[in-house]
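Before anything else, here is the set of structures, which you'll find just below.
What follows is a pair of complexes built around subunit A, which joins subunit B in one and subunit C in the other.
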Partner chain A sequence: MVKTKLILASVIILFFSVSSRAQEIPGRISGNFQLDAQTYKADTLIGARAAPEKLLLNSYANIRYDQGGFSAGLRFEANLNTLQGIDPAFDGVGIPYYFIRYRTEDLDFTVGDFYEQFGSGILLRTWEDKFLGVDNAIRGFRIRYTPKPGIQITGLIGKQRHFWELGEGIVRGLDGNISLNELLPSLQTSATRLAFGGSFVSKYQADGDPLYILPENVGAWAYRFNLSRGGFQLESEYSTKINDPSADNNFIYKPGNAILVNASYATSGLGVNLSIKRVDNMSFRSDRNQNLNKLMLGYLPPNSKSYTYSLMTLYPYASQANGEIGIQTEISYRMKSGSLLGGKYGTQITLNASLVNDIDKSAINDSISIGAPGSLGYKSDFFKIGDDKFYRDINVEIARKLSKKWKANIIYQYLNYNQLVMEGKGGLLSANIAVLELTWKFKSRNTIRMEAQGLWTKEDRGNWAMLLAEYTISPHWFISVSDQYNYGHPEEVKRIHYLYGSVGYIKEATRIQLSYGKQREGILCVGGVCRNVPAMNGFSLSISSTF
Partner chain B sequence: MKYFIAVCLVFTFNVLPGFSQSKKTDLPGIDIKTLDGKWVSAKTIQKDKPMVISFWATWCKPCVRELDAIRDVLPDWNDEFDFQMVTVSVDDSRSEHRVAPFVKAREWNYEFYLDPNSELKRALNAPTVPHTFLYNKKGKLVWQHSGFTEGDEDELYEKLLEVTKK
Partner chain C sequence: MMKWYGKYKMMKFTRSILLLLFLLTIGYACDYVEAPYFENHETGGEIEDVQSNVLILDFTGHTCKSCPKAHRIIHQLTEVYGDRIVPVAFHLGYFARVSGDKYSMDFNTGEGAELESYYNFVSYPIGLVNTLSKNSLSPYPSWATESAGILEKEALIAIDATYQFDQVASKLNVDVSLIPVGTLSEECGPNLRLAMYLTESHILAWQKDEDVTPMDVENYEHNHVFRKAFGSIWGESVSLDDVGISNPLLLARSVTFEDSWLPQNSSVVLFVYNSETMEVIQSILVNLEI
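Here is the complex of A and B:
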């Protein structure tokens, strides 16, 4: 506590010294703040809980200073108390994030907290997402060295943020990147571009387990390349780690691995994309006993597309670190403006398909069941696909500007969602979803946007319909009203209208929004990392500003 | 540790004013990636003209509406002003590889960069996407806007008009 006060005092001194000498200092001070407050009224029908505090609030402010190659910054956070749905361990006030960074042509040092990603992040990605309640920044030391253009080496050591503390494990990492085209003068103008990379990440955590002898140092490796020519691009990353018994994998001693392949082709008006992923026992945290979104070290990008239309976010895919095999493809085509099908302004058509199954798993021998703790877990045939369906998403989207005033967007989606695997209840669910969005700019800067959505399923909570109307007066005002109606709920009393209204004011980089209404229980996912959102009934206020 | 950092902070702020970098810009020295995988410092992307930086993501509907709207008016804007239209995608490794096909398929003609772990977005303090920044010719941040609603492109046009006049 005394130390925190010391930091605050230093920051104040620093502020005064900076502002009093503003004339001489060429640097720049910038920052932002955000506040989200919500009141909670109990509503047993939708499952909303009241909060004993009546009002809950999450807020933060970042401030940073940049001058030449130097930067320093910190984040103040106050969660009094944390919003429902986000881990209450975030309750409190403090400065959980601060850093100093100095960068020259070839060297880049960071002391303090930092976010880092090696390659696609499968071994190491520290990141934050306030809506998810994820912040696994590393506090320690990082150095990046660029001995010559085209070669970059990063080394780091530290511990990860765990709410207001640091996690138990020590993280060490080394990553290298070589871009052949920048390195070799003869290739500089070549249309073919090739880059390689590799990472090594190791974590240390003492073995305090009474039952098992656990590896205290767990090492992991990753290799990657990226090849492109013209509109073609091919990239892949393979990663592997030694045995890492953990709460996630039920303490099995099997080594883990993951492979990711992305290929794409793009030309004016056409984009094609294909990605394949296989993950086998690749959960990687700096503390083997943690679960949910705590102390994650690696990030497993899901093979599915993310959506923002409400009913399309009802059943989102969450990455399955213990095993998944998936393929996703997307084709996007723009029918030229003035053509027969493209209309006067052109039409965008996008087709997407995502398929994810379990990996093949078989018992090691007759006496040990699959995944038995303390064993090698299971055997898996790399090229075989498991029988369990996790996720299917096949959809088509058509976006078209109809006239100077009207725009339309239509989506149809067929969905399979393994609710048992994702949420631990139900079974394999199938749903049909349709969305129609119309935008009507009826006079300069005045626009009305309407959404009509439907979700039809025989499982879980049954059918849903949704209507939304939003009126915006650019650049300052917006007002919106929406109703999600669970008209097909198997229990008649739960066929509820979730009415929600918002009004907002925006001035440049400042945004104020006040909302009132009921929000359904659901799952919020960002990048395959999810959290439960409890049902809510009440007011919410959100203010943010950047300076 | 905290005490050490605090002392360092104060010390650095009081000592550093003496030194300066050759090229002044409000953009920090954070690396972002081109679509063909080359890392460049954000400090170096501006040529001697006003620059718009729009942060976006493939999964963000208002972002796509904004960049679609600017696509439709860009030829007119280019006739009128000499400026750089830069976009920075914050798609992470889940959808980073979708960016190149996505922008090509939509026939967007901007400068494209990737910021897969939101490093630059964080350094510029943009809380969400879309977020649009406008820098004048000298690299000074003169205007920014959070969010997008239809018609906001007209406001950007007016700001560009102001900034190119000077």
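Here is the complex of A and C:
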């Protein structure tokens, strides 16, 4: 395997070198580079651990060559050693990603590693996120065929990346998309856009388990339908899979299903969005024994709003593949400039509500408890909502330009967060969160941004306050200082200031940032997928560039 | 004409590939399993040769709600394979912290902290099956499959141990004998290490368990809890050069009990591993009968 990798990498590198030397050969080399280094100082008060290596580093570079329909690329990674909080199985140096792709008008072949998504991704979404420690690229063969405009078929087979190796399971997938407006000439100019599609994904993993009889081939299907007209849009997908006992579902043999409906309407100044999701035993991985972010095949988008303000990210929602039913709605309205409420420059007001509960679950019979391993698990009424509250987020956001130099953003959020389900500790937590952000652009190139945030809760670590000031000298420099103060911690000794400072420089496509300070323990979520972030105390350096 | 013919051939080829993929996925890609879902294990059969046992290190904690799933897998395996499964439960890390009135029993050890720092665990429960390698951390559902493969192998080293417990000094003296019974690789020879741990079972204390209601279980039975290493957690170097059935390597080691540990519920775990590959070569479990 290693030998094959080296040969393929050498071929690609040789190809690049020949191509770049021979400038007359048309083609384009592009790529990007990222380096994140962190020093670790032990701090028992915040729970930060020292690293024996003193400095840890995650870095990678993508290089890609394109010429006509031909593309080839690779990614070099060096994690020496992996940053705390990311799985140390990523430790090492190597080329875990490489591919060759060839495209014609109707055909598209990829050999090597690739990322792919079928529909909304419930059945298949392979992706990469360095901050989450997720990379579940498929290594194998993919073919996309477009026999007619409006029809696209994709077939793939391969194994998923598992740190520096490949996962045990073999993934096979087939996906079809039909866009009626592209396919039928009579509908090409129609204001109503209609598309539908379907997917089938199957995984194979040998059964060597001496305790359970396990299905070696597990298949899953999905059907989707999208409709839009004017400002109205409707997207929906239903998926189902056969028995798939796994670590995620405690080895129950119940088939799974999930439904996702998203409707939106947008018109001048007004936007309305409504999404409904129901998931029942729909965790789907190419290795039944894995957990966390490893070897995920399916992706369950969260039914909650994502935030960037620090205290609003303290209790983020993570999608619950074993069962959840939720609704999210957002109404956004822009009050016109010059109006009584809109003020001189206009005002944007956004109302958002996310509500997620467990699905209804009842025992199959009197002798088998709900979710007992080696059973059908439970019965669930599709239209019934479970009693356990997972998440409530009701918030209002007002954004207003106060003058030519000042802008303000105010948010109030009421939160219910089932900490026991998300983190395995505590219970149902209630919190009130408020944020005030002011931006003062006092010169054409000089801006100061200030944040004041507060989080009030009687549970977990109690109340928090935060202040941030960021000074930007466009287009190159920025400097920021922040303090998160856990003034309400139940233990007095842990009422700590988390001071953090950063200075950064940006030039064209290169960004360098140096930071120092304490970072609190927490959870980082991107799109409903989360990981624990340990407390840290030390310097961090981040460099990124694209070319 | 040639261009058109080439394109026609390419389309035909593509269709064939897609059809093949379609057949592979739809036609052969679903195994429906009907109840009962458990394997049937016939009992009986004698072990004529010395067979490999399986050392399972379970990294766990009393406030880790998923950890009892791993405990149950070990229990199921010991039900089927008896003492050929050699478990050790290390309570360590965030979920082993002493907290509140309920989770006041401290299972933490200095050796556990050393392992936590070495392995950098990012999730629990997690374990090691017949290895100490950093790169071989294994989720609990894999333990049964991994164990099954190892249990079929013949052992390369036979370990035997006898003990004597000094009630007055609360001291356990263990005499160990090591004999190579298979062919050890050349590089294995200079890298052999013997590790010995004391474990205790049947400890009743609180444990979080997400599979029961309420989740906080008061009298949860904690088994195979690591108490102390005989010396270093990484064991000691041993050499099996010039050692055979007639002249086994004999070692005497001892460990002192703390007052709260019950000798009658304790066991000694002994294992030999290759310190270069970190692979465990053989392990045994000695349940103390005191």
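Criterion: the second predicted complex is superposed on the first by the 528 of 547 C-alpha atoms of A that agree within 3 Å, B and C clash if a C-alpha of one lies under 4 Å from a C-alpha of the other, contacts with A are read in each partner's own complex, and residues count from 1 in each chain.
Throughout what follows, a residue touches a chain if its C-beta (ideal position, glycine included) is under 8 Å from a C-beta of that chain, and two chains touch if they have at least 3 such contacts.
Predicted, not measured: the structure shown is a model, and the values here were computed from it.
Novice: Touching A:Ser362 in the superposition: subunit B (first), subunit C (second), both, neither?
Specialist: Neither partner.
Novice: Looking at the overlay, does A:Ser403 come into contact with subunit B only (first), subunit C only (second), both, or neither?
Specialist: After superposition on chain A, A:Ser403 lies in contact with neither partner.
Novice: Is A:Asn226 in contact with subunit B, with subunit C, with both, or with neither (first, second, both, neither)?
Specialist: It touches subunit B, and subunit C stays clear.
Novice: Tell me which of subunit B and subunit C touches more residues of subunit A.
Specialist: Comparing subunit B with subunit C, the partner touching more subunit A residues is B.
Novice: Considering only the touch criterion stated at the top, classify A:Thr192 as touching first (subunit B), second (subunit C), both, or neither.
Specialist: neither
Novice: Per the contact definition in the header, classify A:Ser339: touching subunit B only (first), subunit C only (second), both, or neither.
Specialist: Neither partner.
Novice: Who does A:Gly173 touch here: subunit B (first), subunit C (second), both, or neither?
Specialist: In the superposed model, A:Gly173 contacts subunit C only, not subunit B.
Novice: For A:Asn432, using the defined touch cut-off, is the partner it touches subunit B, subunit C, both, or neither? Pick first, second, both or neither.
Specialist: neither
Novice: Which residues form the common part of the subunit A surface touched by subunit B and by subunit C?
Specialist: On subunit A, no residue contacts both subunit B in one structure and subunit C in the other.
Novice: Report the residues of subunit C in contact with subunit A in the complex, numbered from low to high.
Specialist: Answer in residue numbers: 10-11, 14-15, 17-18, 21-22, 24-26, 28-33, 35-39, 41, 63-66, 69, 72-73, 76-77, 80, 95, 117, 119-120, 122-123, 134-135, 137-142, 144-145, 147-149, 208, 210-212, 215.
Novice: Could you list, by residue number, the parts of subunit A that touch subunit B in their complex?
Specialist: Those residues of subunit A that touch subunit B are 3-4, 6-7, 9-11, 13-14, 17-18, 21, 24-28, 30-32, 34, 62, 64-72, 98, 100, 103, 111-112, 115-117, 119-121, 125, 127, 152, 177, 179, 181-182, 193, 195, 226, 228, 231, 233, 235, 260, 262, 264-273, 275, 299, 301-302, 305-309, 330, 332-334, 345-346, 348, 350, 401, 439, 441, 444-447, 449, 472-475, 478, 506, 508-511, 527-528, 544, 546-547.
Novice: Looking at the complex, which residues from subunit B come into contact with subunit A?
Specialist: Going through subunit B, the ones touching subunit A are 2-3, 5-10, 12-14, 16-17, 19-21, 24, 26, 28-29, 36-39, 59-61, 65, 72, 92-98, 100-107, 116-119, 122-128, 131, 143-147, 149-152, 154-155.
Novice: Tell me, which parts of subunit A touch subunit C in their complex?
Specialist: Those in contact with subunit C are residues 49, 52, 84-89, 91, 104, 106-107, 143, 145, 147, 153, 155-157, 172-174, 200-202, 204, 208-219, 242-243, 245-247, 250-251, 253, 288-292, 369, 371-376, 420, 424-425, 531-532.
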